[in-house]
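Take this structure first; my questions come after.
Chain naming follows the written order as A, B, C, D and E, and within any one chain the residues start at number 1.
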Amino acid sequence: MMALLLAAGLALVALLPGWFGGFPPGRLLGLAASHAGLALAGVVPAALLGLALGVLVTRPSGRALRPAADALAAAAQAVPPVVAVALAVPAFGFGWGPTILALLLYGIMPVLRATVAALEAVPPEARLAALALGYTPAGALREVELPLAWPLVLDGLRVALVLAVATAAVGALAGAATLGTPIVLGLQNQNQLLVLQGAAATAALAFAAEGLLLALAGYGAGRGRRSSASPASSDGTAQSRKP
Amino acid sequence: MIAFENVSVSFDATEALSCVNLQVAEGVLCALVGPSGSGKSTLMKLVNRLVEPSAGRVLVRGADVAGQDPARLRRSIGYVMQSTGLFPHRTVAANIGTVPRLLGWDSSRIATRVADLLELVQLDPDLAQRLPGALSGGQAQRVGLARALAADPDILLMDEPFGAVDPITRRDLRAELRRIHAGTGKTILLVTHDPEEALELASQVVVLRDGAVVADGAPAALVAEDAPEFARTLLGGGQPGLRRLSLLPAEVARDACPAPADAPALPEGATLADALSRMAETGRDVLALGKGSLRLEAVLARGR
Amino acid sequence: MRAGEAGRALLLLAVLAGLLLPWLTVAPNRLLPGTATNGFSGLGWAAAAALAALALAVPRRVPAWLGAAAGLGGVALLLVATGWAAADSLEGLASAARAGLGGGFWLGLVAGAALVVARGAALPGPGRAALAAVALAALWLPWQAGSFESLSLVVEYRARQAAVHAALLRHLMLAGAALALALLLAVPLAWAGFRRPGAAGPVGATLGAVQVVPAIALFAALIPLLAGLLALLPALRGLGLGAIGPAPAVLATAGYLALPLWRSVLGGLAAADPAAVAAARAMGMTEGGITREVRLPLALPVFAGGLRVAVVQAIGLVTLGGLVGAGGLGALVFEGLSQFATDLMLLGALPIMALALAADALIRLLEHRLGASA
Amino acid sequence: QAARPVVVSSKIDTEGALLGNLILVALERASIPTEARLSLGPTRIVRTALVAGEIDLYPEYTGNGAFFFQQPEAPAWRNGDTAYEAVARLDREANRLIWLARAPANNTWAIAVRGDVARAENLATMEDFGRAAGAGKLRLAASAEFVESPAALGSFERTYGFSFPRDRIVVLPGGDTAVTMRAAAQGISGVNAAMVYGTDGAISALSLVVMQDSKGAQIVYEPAPVVRQAVLEAHPGIRAALAPVFASLTLEKLQQLNARVAVEGQAAAAVARAHFASLG
Amino acid sequence: MIAFENVSVSFDATEALSCVNLQVAEGVLCALVGPSGSGKSTLMKLVNRLVEPSAGRVLVRGADVAGQDPARLRRSIGYVMQSTGLFPHRTVAANIGTVPRLLGWDSSRIATRVADLLELVQLDPDLAQRLPGALSGGQAQRVGLARALAADPDILLMDEPFGAVDPITRRDLRAELRRIHAGTGKTILLVTHDPEEALELASQVVVLRDGAVVADGAPAALVAEDAPEFARTLLGGGQPGLRRLSLLPAEVARDACPAPADAPALPEGATLADALSRMAETGRDVLALGKGSLRLEAVLARGR
């Protein structure tokens, strides 16, 4: 698990300076916990929404909505998270609310795109076979299309998660306790060490999240295919790392 | 069992089928042949509502399919595709057990059924836990067949089921199918590109061309001299006389008188064409067939 | 959900937006939160007429062109009526008073526009072009007639018209430069990764590592880095490189774009039909020839997909250039941020979204062409 | 060197835009060639750019010298004259930067309270604020810097003998007074008191009341143009061109001008031109 | 022309070919048959160095290929694949002109050549500007053939060239190939799964099994009674007698005496099997063949 190793290394980079006048490690850890929670709170609805939209626009009935959904996702992606946070503060107050909204906007596109691409890549014969055997459309989606699309969808989720962890730093601007706090403080006080600590801690968290996601997914896949003698159920990292 | 009444199907611009009328009786193995794009697959998909008619009615077991729940209907009809369409993420056993699971069978009953089916299509039980990616083409086709048979449907749709396998495996699978059809008496609709296969397996052959049925009848009738020209060319392959002989069991020309003691013997179940081949090989004009004999003139007389 | 139901859901969304959320807000100045009016009471008969037109766009019996046109008419009417209502509501107030657009307006606009796009998507090519032209006219005419001049957003625009235009142009240039730089980086790397699959892993990891650095940190961290570099190699200054301004913005943005571009080029190269590649080899093409004549042309559609992602990201990310003195629409956004003036932020953010959408549509068109020809 | 225009810059905030535009107008009138790089970025960026020679001139606050030279506790920063002298000397010696004549307007940190709250609780000075701080009626929005720096909130607390409960502070790490004031005015997240700067134009528009710092707890932040010595030597006219402009910027005047930009939404350039014209 | 001397090929774990010795003389159409995975494609790819032998030598035109520049060698050898491998982004004309362009021909010469080739493979010249995606399977196969023939190579490698087309088109393409081979005298290596095709087209048939050559000879010899069992089963399809008759032209059994006036006539170029079919169809034991006659006994006698 290369991601987890990287995460550990970066975490050291982030924490070590704490003993030499940098940002105190205790506070950094507290911020990291809050950061992780915030990122999760943003990425989960983004993932659900992206998945739901992706499924919707690949159904025969939702195909008409595809251009609109694509355009919306692109627009959402183009709003810089800082701006989204700032615009959302008057409506949502300080703290998590506006940040979650920004993460939501930012996370939908990767998940939506990955879901659509993955569902379109499902072999048409498998889909046809599912219908021909008497699956209802929903059953075919649940038991055939989604499982086959899963590796690519997972890739999209991974991207969204990493983006969310990196982006959650802007929550600092809205008063949420995140690893963006030392970054913004450092920027204001010209303290490069704080910026480095914040950035390294954020990166560490992102890698750790990625590693955990892949480990969880690999575990799930492994359980699903435990009984198979085939070499196909290989390590998830190697598969999803492929472009 | 299956009836098409004035059925037409249009896709956007193209008319895939126009005014098709066709009956397939219970227990019949009906072969659909015709050039590529003639509408064979479309005709077949009407039966389990993968395609909807733009005009006309399709009756299955006497009832119009239009009024039936598609999922229920499909579970009651087996379907085998050329590209197998096996679910790549499910083991062989899970693939075969799909429809029973949809029908809510309990798992021990499914397991028993899967084991029976593997035996029926002559697959090693060890394959049950493999994923389809790890099967050879012929094995995958057998799994596809087993999957279609799983819930013991009385109707089986087979769309070029043996298209992707080599000729040796193909011959095996063909024998398999004949055996299963004989043993179960299912109604089978079989799309094939191979005229020999159609003639050999089917008791009814339907020839399609440009979305219309141009011939429909017993195999022998379609290679006879009075058969429609297109069907004759398609099915006869330049030697309609020999094709006819290959459709007839040797018994029909048997002579009760015993053959000379040194006459070569013809095995049980051989066709008249087999008899002719054996005569050419041995240079003899009489063969022993069971207790009786088979004479060259009698064989040739049946080619008309 | 059937297509008609999707349309009905959008219509319902528009109605709820108008009923439950503030549509227009009137405030004594641009900083104070205003008092809200909801869409229907504010717009009067126009709201009813607009909704009726939108409702006509929903049923599938209605032909696509008629549905799209009706929807478009409804949206245009909503916009114009909102402009008029804003003018009415400012009547007799001090000059600092502002009429701002509320969440209900934006949600209603998005729902209405989505309805039009969904119906318009069913039209043939020329029909879509005509629809787009009519949509532009439907915005342009009332704009020329001054129907929108009372909206706070337009007031902000009028106050710095020239600056907005300049920022737009500069934003495009920054995004273009970042994209070019990222291409220069990603294409050779992807090529190397394709030739030597062992190299792809580390390159992917490196480019991926950039993604996890928070954007604000990267943009800011580049300044001391560049300053140090320039102190070491003052000659670079002659090339127009500076520690502040476009250089860090373009560099940082390019860093983020490199990954999607690299992935799509690599994926595209690998996507060529193996049979075509085998045929090329069997006919005696050299490896270089195979790449030039078979792999690259076949990779283009995949590559266009990656390019689309990268362009949208470029337009969004370059905004942060406003923090490092690069200018562009980001400068407007951050000026708005520093005053906490919502409409000024929107004045920067809306063109960014529009640019992103336009670029997305443009590349999609290109993709379509390539897909059709390949 | 003489042919090279003077690169004028400013910070990316309302007052920065205003002062930067004023400088531009003044230099133009004095026929000194200029190149505008206004609203370049936050303090750090603009300061780095000036030291690195990327820009030539921008308005900075005297009190920031406390942080540029890392001596926040030094008493010199708490008086207008000594602060100016200190920063001018330090910057000339360390960076060859010249501080030109400053404006008589102290843009220092202060705390403002919602008008209705101030009236109800009778709050006018920092003493009043200190008394009310512990009562649990106030919720303060402030930047992390304001809360954590001993020279800011800490200095208020020490000077006026109170301690503001930390759990009643909404800390915004990059927080600008525009945000904190708006939060207090609008009551976002229950906030009713805000960190502000003395010259903020929006204070009265947002019906906030500034608590008087009668004991001078804060460092003095008076704006003044800072220019690179080499550039000043090349264009000696800069000094005379800017002095009257900055002299005209009293606290009230600067608040007014800021309000025109921040509250009324006029463009900073237009406001600057109008003010310059009013100087005659 | 082409010779394999003790050639073995290993891929990682599997030995695809072991100790193959084989000669294909100039102008011969040699068919390679065998089950899937028996090494047919691998053998073929040795010729143009798409695969390198792990032991032994491959000689083309008398010279070891190992010493030759692969790109040059390949340009001098035509190659047709089952999956056509047409470049999807290039027009039909550009596809056909690939090797001439690689060889540096000028564009007018290429254009002329393309036009000639389209005529040779009987394609409408209007197709020249289409993209391959807009072709039917049979048309695409013809374009693939034309592309392989473009630079007039003296050697043609064809790997299941007609696998993906329906039987009617397949029969046409087969006739095409026979015509081209007869007209140009090229040396052709043809991989096919279809025993009938191999017997009908080839003058030399090579049977592979598990990477070894198990039979090599003239078609008739491989279905004879003394042929290796495996080859006989694979090629004979259960009726080796009739297969043999289908390999022999009717002339070999002709009788100089004229046939009775009412005897049905057999067309020029028919095989003995055709004659037998005609006899069965008409119920007659004498046919007219040119000026002479053909009698049933004479036909059957050749089946041995």
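The criterion applied here is as follows: a residue touches a chain if its C-beta (ideal position, glycine included) is under 8 Å from a C-beta of that chain, and two chains touch if they have at least 3 such contacts.
Chain-to-protein mapping (UniProt): A, C = ABC transporter permease subunit; B, E = ABC transporter ATP-binding protein.
Everything numeric in this text was worked out from a predicted model, so none of it was measured.
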Both-way neighbours, i.e. chains that touch chain E and touch chain A: B, C
Chain pair that, of all pairs, has the most C-beta pairs in contact: A-C
Mean-CA-position distance for chain E and chain C (Å): 58
Distance from chain D to chain A - Cα centre to Cα centre, in angstrom: 40
Euclidean distance of C-alpha centroids - chain C vs chain D, Å: 35
Averaged-CA centre spacing for the pair chain C and chain B, given as whole angstrom: 57
Residue numbers of chain A (touch at least two other chains): 90, 180, 184, 187
Junction residues of chain C - those touching two or more other chains: 33, 220, 224, 337, 340
Chain pairs that touch, as defined at the top of this document: A-B, A-C, A-D, B-E, C-D, C-E
Contact footprint of chain C on chain E as seen in their complex: 48, 50, 70-76, 79, 81, 83-89, 98-99, 102, 131, 147
Of all residues in chain A, those that touch chain C in their complex: 2, 6, 56, 59, 61-68, 70-72, 74-75, 77-83, 86-87, 90-91, 109, 113, 162-163, 165-167, 169-170, 179-180, 183-184, 187, 192, 195-196, 198-199, 202-203, 206-207, 241, 243
Residues of chain C that touch chain A when the two form their complex: 1-3, 5-7, 33, 103, 110, 113-114, 117-119, 121-122, 200-201, 204-205, 208-209, 211-218, 220-221, 224, 262-264, 266-267, 270, 309, 312-313, 315-317, 319-320, 330, 333, 336-337, 340, 342, 345-346, 348-349, 352-353, 355-357, 360-361, 364
Residue numbers on chain D that touch chain C, as the complex places them: 9, 12-14, 17, 37, 39-42, 44-46, 48-49, 52, 54-55, 176, 178-179, 181-182, 185-186, 202, 205-206, 261-267, 270
Chain C residues touching chain D - in the complex, by the definition given at the top: 28-33, 95-96, 98, 152, 155-156, 159-160, 163, 220, 223-224, 227, 230-231, 242-245, 322-325, 331, 334-335, 337-341, 343-344
